[in-house]
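Below, chain A partners chain B and then partners chain C, in two separate complexes.
For the complex of A and B:
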């Protein structure tokens, strides 16, 4: 199986780091994505992901790790949303939109300061769209800590999260503390966003959270199966994308395509395949009946 | 920021500057001419040619920031609108200035676009023209003619100053010639193409993959194959010196720097804009060439020309 991989692929240090950190990030993001979609929070995820770009831009200015910056800013935005619980569902969208806009405005400021202040990175493309091949051994520990914390929160609160997403009133009757569960979910979500942003950038991190979970929920209704499927699809998207980026070097005569594009392209391909596959399976069943 | 949005911002600023009242020296008819060098190395040449008759301002002077990503402010738009002479690099290196000048067209102002002066096509891949020994003498003579047109009373002085400037580059040209004959075909590694015209003048060869140089310059994702090729250059000691751009650094360039040091490859810090204080254009080029020579001859590193930058 490994013999099918192109020569030098697994020997390259940037590829090794990308496979390990990117693969872990993709699995964590996909797992957190499932309860997030069941709770109907795709838009909140997108907003928090975009707002995290402000943190990624702030990180070099205050001398912290980019992952810390991403998590810090999306957590701040999440707490801001949580501090003002909406009275109706439509109001949540309004609040999310407002936080979205405000966060991107702050990102514009920090990205500008990155370019113009001494010591800033000036790497706006990297903050927004990521550079998975720039990850190094020093990124492994922070990634493991953030991902481990997200998985721990998920393990502790998965049942109440799922119950609350399916029927909040029933969950409340059964003694589920909705507020605490909501906070735990937001914390796991921001950690997963930070981790995903580290690999494919703040803007594209939504794709790692939403695409595998969405494909999994197309294929199955059962949460446990959906979680496993999402993790597998996320990993396949990340590793497939890294392989595609490596191969693009050959197709483009050394020009190469950005890894983030390749990763998202494979993820979307898997999503389309899942939707098509389910449609064909249903057609087949109807034909048989 | 994309060039498109940057351009739009620059145009808006230029429009603002146009609506401001222009009270330049030329309008008053007396006092020194006002000139702007977009990069401080061009401002230095204007100052050397213009002497006491020209008041020069430089826009891009901070050696710790990346000029490629520079953005203009309303203050700069006003400086450009009130200038009698502007020297810019061209080739997209300072396209914000190009757009601003086009938007604030002023027939009385002399614009010298170094790219056009040297008749270089827009497809020229390396914009760092001032590292080419042929560039600044041509700029100095063009500046002298432009100043002479604005201030004919001092024309002879401007032309004489340009000749003095050109002659002052002899020491640099001699150092280049000495290197060429002593160390022909020296292999070098770089982070991006900042000093590549000088490398070519020295008869040396850049071994770094061209796509990797462009990835570092344009902040895009590097191909792992190119990263591996660069790392092999260090591990195999296949290069004699590593030219490290001090103004554009990120995790990738820093990892190359660590690797070069680990394998005992001498490092020379190179700059996009003229380091300050203590440098003229001539001294900067001489110091860089001397540092490269010392690296190849004695294996010594010169990571910085100025402490802390």
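For the complex of A and C:
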């Protein structure tokens, strides 16, 4: 199997770091994505992800790891949303939109400073759209800590999250503290967004959270399987994308395509295949019956 | 508001008053419920059915009166909301929904255990849901989902089961099936059942007691003692006729009474 990989692929240090950190980030994002979709928070995810770009731009200016910047800013936006819990779904969309807009305004400033101030990264495109091959050994520990915390929160609150997304009143009758579950979810979500933003950038991080989880929910009707499938699809998208980016160097005679484009392309391809496969399988079963 | 346990009764409500948004919805409602009894909570839309159930659940704080749960004093309530709108992509089979009723409030990942599975199976069997136990909840019919959510409420062995309009969205034969099922469950397990309904006739064959709500006030007791012209006339404050038409009860206001509660009844 490994013999099929292009020569030198696994020997390259940037590829090794990208595979390890990117793979872990993709798994965490996909797992957190499942309860996120069940809670109907795809839009919230997108807003927090975009706002996190402000943190990614700020991080080099204040001398912290980019991951810390992404997480801090999306956490600030999440707390802004949580400060006034909405009573209705429409109201939540309104608040999310407001936080989205305000956060992007801040992002415009920080990205400008990041590019123009000495000490800035000068790499606004990297903040927004990622550069997985620029990850290094110093990123492993922060990624492991953030991912570990997100997975711990998810494991701890998985059942109350499922029950609350089935029906909040049913959860409340069983003594579930809905506010606490919501906060635990938002914390896991911001950590996952930070990890995903670190690899594919703030703007594309939503794809790592939403696409694998959405495919998994179509494919299976069991919670444990949905989580495993989402993780597998996320990992396949990340690793397949990294390999595609490596190979694109050959295909394009030295220009190469951005890794984030390749990762998202493979993810969306897997998503389409899952949806199509499911449809064909259903048709086949109906035909047989 | 939950006071000391009252061993002989499943529920004792005394002088319960509830205001919602400054409007008094319930005024001095009193009734009791014994273990194994099935009680219908009848009233037109807006007469306080849901508010009464939500105050029993602890979601709404009463402005006066007491609610005492019987048994061992533990607050074990089963609840079926008026409408659980299940996302078709919710990755839960019927048996996963019931398992969440058992331990969905617990933290940490569930460990598969034989005892857990046996309790889920028993709850599914109690509502005759074995045939669709492994199907995705969002793909089941309304009546099937209703059974699964009743199993979800039963699996923790509650002392009191509260159901908000469980028959409202069902066709007549499914409604009769669910009503009969609830009757059997309360008799067999000793669980007290309180279920709200717009319409009294489906419940007449199965209920031991009735609480009739009108204008925030309640008349409670056995059907024969409550659904009477004199009792309901006192409750509504004007003349009400109770007619028996071939075994179906019609509650009819006197002409010109101006109240629109005739829809409480339905001519078959």
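The rule is short, and it goes like this: the second predicted complex is superposed on the first by the 289 of 289 C-alpha atoms of A that agree within 3 Å, B and C clash if a C-alpha of one lies under 4 Å from a C-alpha of the other, contacts with A are read in each partner's own complex, and residues count from 1 in each chain.
Everything below uses one rule, namely that contacts are C-beta pairs under 8 Å (C-beta built on N, C-alpha and C of every residue); 3 or more make two chains touch, one makes a residue touch a chain.
Remember, predicted model here, so these are calculated numbers, not experimental data.
Chemist: Is A:15 contacted by the first partner chain B, the second partner chain C, both or neither?
Modeler: In the superposition, A:15 contacts chain B only.
Chemist: A:167 contacts which: chain B (first), chain C (second), both, neither?
Modeler: In the superposition, A:167 contacts chain C only.
Chemist: Classify the contacts of A:38 with the two partner chains as first (chain B alone), second (chain C alone), both, or neither.
Modeler: Once the two structures are laid over each other on A, A:38 reaches chain C alone.
Chemist: When the two structures are overlaid on chain A, which partner does A:279 contact: first (chain B), second (chain C), both, or neither?
Modeler: A:279 sits against neither chain B nor chain C.
Chemist: Examine A:246 and indicate which partner it touches, taking first as chain B and second as chain C; both and neither are also allowed.
Modeler: The answer is first: A:246 touches chain B but not chain C.
Chemist: Which partner does A:85 reach: the first (chain B), the second (chain C), both, or neither?
Modeler: A:85 contacts neither chain B nor chain C.
Chemist: Counting contacts the way the document defines them, which residues of chain A are shared by the two interfaces, the one with chain B and the one with chain C?
Modeler: The answer is that chain A has no such residue.
Chemist: Sort out for me which residues of chain A touch chain C in the complex.
Modeler: Interface residues on the chain A side: 34, 37-38, 40, 155-160, 162-163, 165-167, 169-176, 216-218, 220-223, 225-226.
Chemist: Spell out the part of chain B that touches chain A in their complex, as residue ranges.
Modeler: On the chain B side, the touching residues are 1, 62, 64-66, 69-71, 209, 211, 218-228, 231, 248, 250-252, 255.
Chemist: Which chain C residues qualify as touching chain A in the complex?
Modeler: 57, 59, 77-79, 81, 84, 86-87, 89-93, 96-97, 100-101, 103-110, 135-136, 149, 152, 156
Chemist: Please output the residues of chain A touching chain B within their complex, sorted ascending.
Modeler: 8, 12-15, 18, 111-112, 115-126, 130-134, 136, 245-246, 249, 254-256, 258-260
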